[in-house]
Amino acid sequence: MAGPEAEYAVELSGITKRFPGVVANSDIHLAVRRGEVHALCGENGAGKSTLMKILYGMQAPDEGTIAVNGEPVRFRSPADAIKAGIGMVHQHFMLADNLTVAENILLGAEAVHGIGAAARRRIAELARTVGLNVAPDVLVERLGVADRQRVEIVKVLYRGARTVILDEPTAVLVPQEVDELFSTLRAMRAAGYTFIFISHKLDEVLAIADTITVIRRGTSVGTADPRSVTSRSLAEMMVGSELPSPETRESTVTDREVLRVEGLDLAGDGGGRPLLSGVGLVVRAGEVLGIAGVEGNGQTELVETIMGMRRAGGGRIVLAGKDITRAHTLERREAGIGYVPEDRTRHGLLATQPLWANRILGYQSRRPVARGGFLGLLDRAAARRDTERIVAEFDVRTPSVDVPAAALSGGNQQKLVVGRELSGDPVLLIASHPTRGVDVGAQAGIWEELRRARARGLAVLLISADLDELIGLSDSIKVMLRGRLVADADPATVTPEELGAAMTGADGQAA
Amino acid sequence: MTRLRTILLPPALAIVFAALLCAVALLISGDSPITALRVMIGQIGEGTTAIDIVNSGAIYYLAALAVAIGFQMKLFNIGVEGQFRLAACAAAIVGGALVLPPVLHTIVIIVVAALVGALWAGIAAVLKAYRGVSEVISTIMLNFIATGLIAFLIRPDSFGVLQGNNISTNPIEPSGQFPGIPFGSSGTLFGMVFLAAALGLGYWFLLNHTRFGFELKASGESPTAATAGGVNARRMVIIALVLSGAVAGLVGLPELLGRDVAYTLTSPQGYGFTGIAVALLGRNHPFGIALGALLWAFLDKSALALDNVGVPREIVLIMQGSVVLSVVVAYEIVRRYELAAEQRRVAAQLREPAPAPVEVSS
Amino acid sequence: MTTTSTPLVAPPAAGQTRRGLPRWIVAAGIVAVGIGVLTLTTTLTGQVQLTSRGTTQAAVLLLLPILLAGLGGLWSERSGIINIGLEGMMILGTWGAAWAGYQWGPWAAVIGGTIFGALGGLLHAIATVTFNVNHIVSGVAITLLGMGVTKYLSTLLFFPVSHNPRQSPHVEGFQTFSVQPLADWLAQLESQQRVLLSDIAGILGGLVSGLTPLVIVAFALVPISYFVLWRTRFGLRLRSCGENPVAAESLGVNVFRYKYAAVIISGGLAGLGGAALTLNPGQLGYLEGQTGGRGYIGLAAMIFGNWRPGGLLAGSALFGYVDGVQLRAGGEAVHALLYGTSILALIIAVLWVARRRWMPALFALGAGAVVYGVYMVIPEVPREFASYAPQLVTLLVLAVASQRLRPPAAIGVEYRRGEGD
Amino acid sequence: ARDTGTPQPGAAGTGTGCERNAAPAVAGGAANTAAPLPNADASGLKVGLAFDIGGRGDGSFNDSAGAGLDRAVSELGLPKASTKELTAAPNESEDAAATRLRQLVTEGYNPIIAVGFKYATALETVATESPNTQFAIVDDSSVDLPNVTPLVFAEEQGSFLVGAAAALKTQSCKIGFVGGVEQPLIQKFEAGYIQGAKAVAPNIQVDVDYLTPAGDFTGFNDPAKGQVVTTGQLDGGADVIYHAAGGSGQGVFQAVKAAGKSAIGVDSDQYNIPAYTGVRDVIITSMLKRVDVAVFDYINASAAGNLQSLPTVFDLKVDGVGYATTGGKIADITADLDAYKAAIINGDITVQSTPSS
């Protein structure tokens, strides 16, 4: 990959990209030096992903130019960008579940080393460098998030990319995994790779970046030197407001039990390892119980079992004194459970339906959005009104409540879901990663709402991969590993590192 | 205004395009497209054609409604064909055997038809919900099996009666028939046309104003989100298919109760497949389906008129196929065009105030 | 930080593969069980037609168009495009084959059918890939167009020669041949009336005699499709478009091109299925309506086979076989098949029990008992139902075996370039 | 399997097991058919013809009806321009059939001939509306109106004769019948065929199969099924196969040709159909259903204003049904067949129109 030694690996200037109704990028400038880790910061919807997709040839800019190694280029498709030595790890995994690891990596790059033994050798080599420890014939659907992330990176490297775009690669990783990733990045930087790194976690940005470019509302507002800025000033640059913190103030925990789970078991698919075994916990009114765990250790299943989306193999679930183990999801919701799912697009929203219709989801049998009765009449006017209330109270940025949910940015979608789930006075809120992928401003808003509801006596079961958030919001924390609750932690004293160690079983417990 | 244009422009474009295509085909085979067009338009005023179009339209409407109910949930009920035929046959047998006072007799026949249709679809529903059998396969198979079952039912030693070279069920007494509205020499409008319209209205209301409709659409749009929202996916599959089958069961009734009075070997077939095309043409919308059904019926009758003047009537099939295809293509083209227009508009708006990027550096 | 501890289970070996036997052993097992059940049924019911050479030959003849249409469905759906228009493409294929075959002989018919089917596929690709038309809409429209266009063309081109607007002039088919001396040896073995041996000889004998090149081509296309789709770069890219087109695009795969290729090949295969209908022994050429819904059956066979070539072969073989039995030997043989089906249900129940899946086991057992009950109660299956025995058996097998079907993940999904996230 | 397809000893020997009765002795030998009406002048008529599905060129009864019309044009002075032919579409509803008939009425055609029993209901409606127009309907006698003339055939009588021919020709004493769709009309063919065969050889075996049950009309259009069914019958030892399966018949002929056995065609003289040239050497005879005769006679009677002269059934006596001899394959047995024919005409033999089983 020897090219003329220009100072900048890539240089984007005057990039403008318009979507119907929005200008995603407007006259953006970005210059990335060879061999640096260049961070890109900005609130949700600022236009980071769009800019990167343009650099990667997935979208064509309306205006502006791109130069790679000082040479002006025009990318018509990712194939062109790949040829120019650019690789991208996307914000959302770009993996085909039903193809094997090797197939996912080889796809589109069959010409590099063929599809035979040579290719496998090369994959094995690269897998070692990024710490990917799975057989190449395994279907990707069987991998956990961290491994998927690694497969994504191997994919990029396999194509011989020298400039690698990482769009929010750490959103789903625990601190240890982030550290591992960073050491890989540093080693590769030393070997001459260039990285463009996007993250909402500003301390991470400060830890890894050599240069930071900040984007606000689609334009680049400037660059910052990570050695001289603090995360606070960086956040202010991004959103023009103060950096929030998830600290809980005084405890509001009461002794009234809201949720009691006893000995919950859940069998694995096709008779595999049990997904949950003997899980027991209690959440009281006014309490936030945090569950820490690396993804794939049963948190999702725990939540879905409590919600009735999966049928427990054994054990009991009691809500406010009432046994709901056999109840349907809707009955559980009617009994007062609110649910912020981990994946809002899969479990929280109807993408093509307007916001007000999304307000009805999960509440289709209850006032104010439904009149009930034999026919189960809905009250569309009331649904619209209540959606407007949520939009106002939770600061959902939308032109109206009639736009489809898909038209909202991720953060705004999340605010809508949280607002909906806090409607109708729930007694228990199950919140999975409530601020994942949400920018700092929106994050603060969601935290504030959670605290307020807690003060009113709401019990919260919180699952989060963001350990600062978990520690900051929870009144107590349990650690989940391979379908069991293996440890308790006190949020007042525990550090993210300790928690991370317990989550991976690296604190001496694990085999 | 834009909205109206987005809705009406595509079908208009499509019909023009399909007509052009057919004109070319006609020219190749040496016929005059002008004559064809004149005959097609002219037929409406002749004989019973206008009424026949509405009557057939009502039948297609029912079939398309049945298909659309499934589509709302992304369920593809190819089985409307078998459901309607079996239901019509069973309803004719029951209706012909019963002696009941007028209105009651008719109601019993309608209920039987709906039940049989629902039952037949219910087999596919149960297999889908409990055994994971794709409804596409099961309904295809059930269509064939329904044919066998009908043949069995109307055997002269079962419920059939020999009528010359035909086999027929016992005719339904006038008390069981659904009275139509006679228009003298222009024909008789089936009474069931109004029932079909009422069902369309019911479908629209159910879909947009009730919990059931909401859950149906939600399951169709995102089964995962629906489940998380407390919708019982398995139950919805069953209800949607059974309901679709019940409506399908009514498809044969306008003719049975309004004209034919008995089910015979030569009773019409193929309405189920027409229903699929019409539902898609009408974008599963109750009003759109109505227009689609009328258009389809109009084209169908055109085949007769064209044959009468010696123009090859295969043109009608080509026209139907190309209308279906070009309507959807036209919607896409118009969508893209408006997207581009919107983008230009936004760009123009933004160029005026020209926001200066803030330079911040630290 | 306190640790409440429950002993930890050993970590799962990362990336352990799903336990189970290699696929080919499973396939061989299924075939063995099938033959075993048939032999048993033949022996116990005396219905010799169940395992005769003629029945196998008939099955081959009947499954051919279904298999080819199913392969067409496979190619298209693996790339993410639903193809309900197979019937229409098949109709185009019958016409194209007759038209070319009438003028230039059977091989030209094969090519003509393929090309005409591929044209239908091209139309489907234009509609679904370029214009994002709902795949089902386009499929339905293509079936209508197929019927209309062939009628139109027949009147225009065949009528002057055949004096029949619904039929082509006589199209010369392929000469049939047998694999000798194997065929004769098997025939001899079959006639020795030995339990099991004669049955197997009958079944195999049908597979090696009365063949046409088209049969060879069609059967060869099964492993070829497998090889191309699963073992080559082209196939990998094509399948990736059906699993996650956005990911494929992000890796520089030209999704449009692959989808186009897949759907055109799909149409070609369906057209070849049409050619099989025109050229099979027993056909004189094109006859309006001769596809009789076989395109839809092909689609069903493909779903039955879980979107895999081997499964598809099994699905169409099951269909062709039962159809052959009912056509050749009628209601009594179908009656005997009921008996075989109940044995099969019992075997499936045992398999479920071995996997400790009680509900499906119970279901299979129940279904088996019902079928056996029917077998005992009625002396013969009425002709009306016997005619649809293939459909009944397919439905029954699906209901009892209840496989977990896995369609390509992005099937039927509209795909627009550059709009993924 | 333990059966190899070759006829097994004991089942039916080669000819030896087949005991044949002598042909009935009838005075006069060959049958004397009814005297035809003299040709009338039809130049003043406007004749409309509504075909069943398939229309002209179907090589079957539509074609035959067309031939009747053509003969009227050439022999009765009916101007070609005063005739009109319309054709039904598959799966159409009753109102389409009615519309077709009405179109003819509106344009002043009189008489109007509907081909196929599927027109019965529509015809009843239209004929009631237009009492001044004369109608005829082929294959149906259920419409009881003064202005409707049924043109029905004794298919069972013709089938009797070809059944007798099959029994006379079989070597294995086993013959086959392949019906397209199991419906009453086709069952008439079956009934006559079996009766005719048994009349010749009482212990003959007749293998009867239908391709599809009633209501599934694909059976008339599926040569692949016709081939498989026929091969099954041939493998079972049958050596003469009679089909009444419409377009599926080509599959029957192909199978018979591949096995080197004999076949019997239906409706028209299928030996002469262009599409069947390649297989015609196996067609020993065809059961003729003279729709052309009926149509011609009807037009002739209309022109003469003497509809009463038409027979209630077109049977052997009026040459409404018969058998073909083209190809000369049954030259040796025509004497026997004619004896049976005479016996039927005399009333010595009554042919059943429904299968006895």
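In order of appearance the chains are A, B, C and D, and numbering begins at 1 in each one.
Note that in this section a residue touches a chain if its C-beta (ideal position, glycine included) is under 8 Å from a C-beta of that chain, and two chains touch if they have at least 3 such contacts.
Chain-to-protein mapping (UniProt): A = ABC transporter ATP-binding protein; B, C = ABC transporter permease.
Computed from a predicted model, the values in this text were never measured in an experiment.
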item: Chains touching both subunit A and subunit D; value: B, C
item: Per Cα centroids, the chain farthest from subunit A; value: D
item: Whole-Å gap separating subunit A and subunit B (ABC transporter permease), where each centre is the average of the chain's CA atoms; value: 44
item: Centre-of-Cα separation between subunit C (ABC transporter permease) and subunit B (ABC transporter permease), whole angstrom; value: 29
item: Inter-chain centre distance, subunit C (ABC transporter permease) versus subunit D - centres from mean C-alpha coordinates, in Å; value: 38
item: Distance from subunit D to subunit B (ABC transporter permease) - Cα centre to Cα centre, in angstrom; value: 39
item: Residues within subunit C (ABC transporter permease) bordering two or more other chains; value: 293, 384, 387
item: Touching two or more other chains - residues of subunit D; value: 90, 182, 212-214, 216
item: Set of all touching chain pairs, with the criterion as stated earlier; value: A-B, A-C, B-C, B-D, C-D
item: Complex interface listing, subunit C (ABC transporter permease) residues touching subunit D; value: 42, 48-55, 57-58, 61-62, 65, 159, 162-167, 169-170, 172, 176, 187, 190-191, 193-194, 198-199, 202, 277, 280-285, 287-290, 292-293, 323-324, 327-330, 383-384, 387
item: In the complex, subunit C (ABC transporter permease) residues that touch subunit A; value: 1-6, 8-12, 14-18, 232-233, 236-237, 239-240, 243-244, 246-254, 355-356, 406, 408-409, 418, 420-421
item: Residues of subunit A that touch subunit B (ABC transporter permease) when the two form their complex; value: 18-23, 26-27, 62, 214, 216, 219-225, 228-229, 233, 237, 307, 309, 328-334, 339, 341, 346-353, 357, 360-362, 364-365, 370, 375-378, 380
item: Interface residues, subunit A side, partner subunit C (ABC transporter permease) - complex; value: 49, 53, 56, 58-60, 77-82, 88, 90-92, 94-99, 101, 103-104, 106-111, 115, 133-135, 137-138, 142-143, 147, 155, 159, 270-271, 273, 278, 481-482, 484-490, 493-494, 498-499, 502, 505, 507, 509-511
item: Interfacial residue positions of subunit D with respect to subunit B (ABC transporter permease) in the complex; value: 86-87, 89-96, 98-100, 102-103, 106, 117-118, 120-121, 129, 139-142, 152, 182-185, 212-216
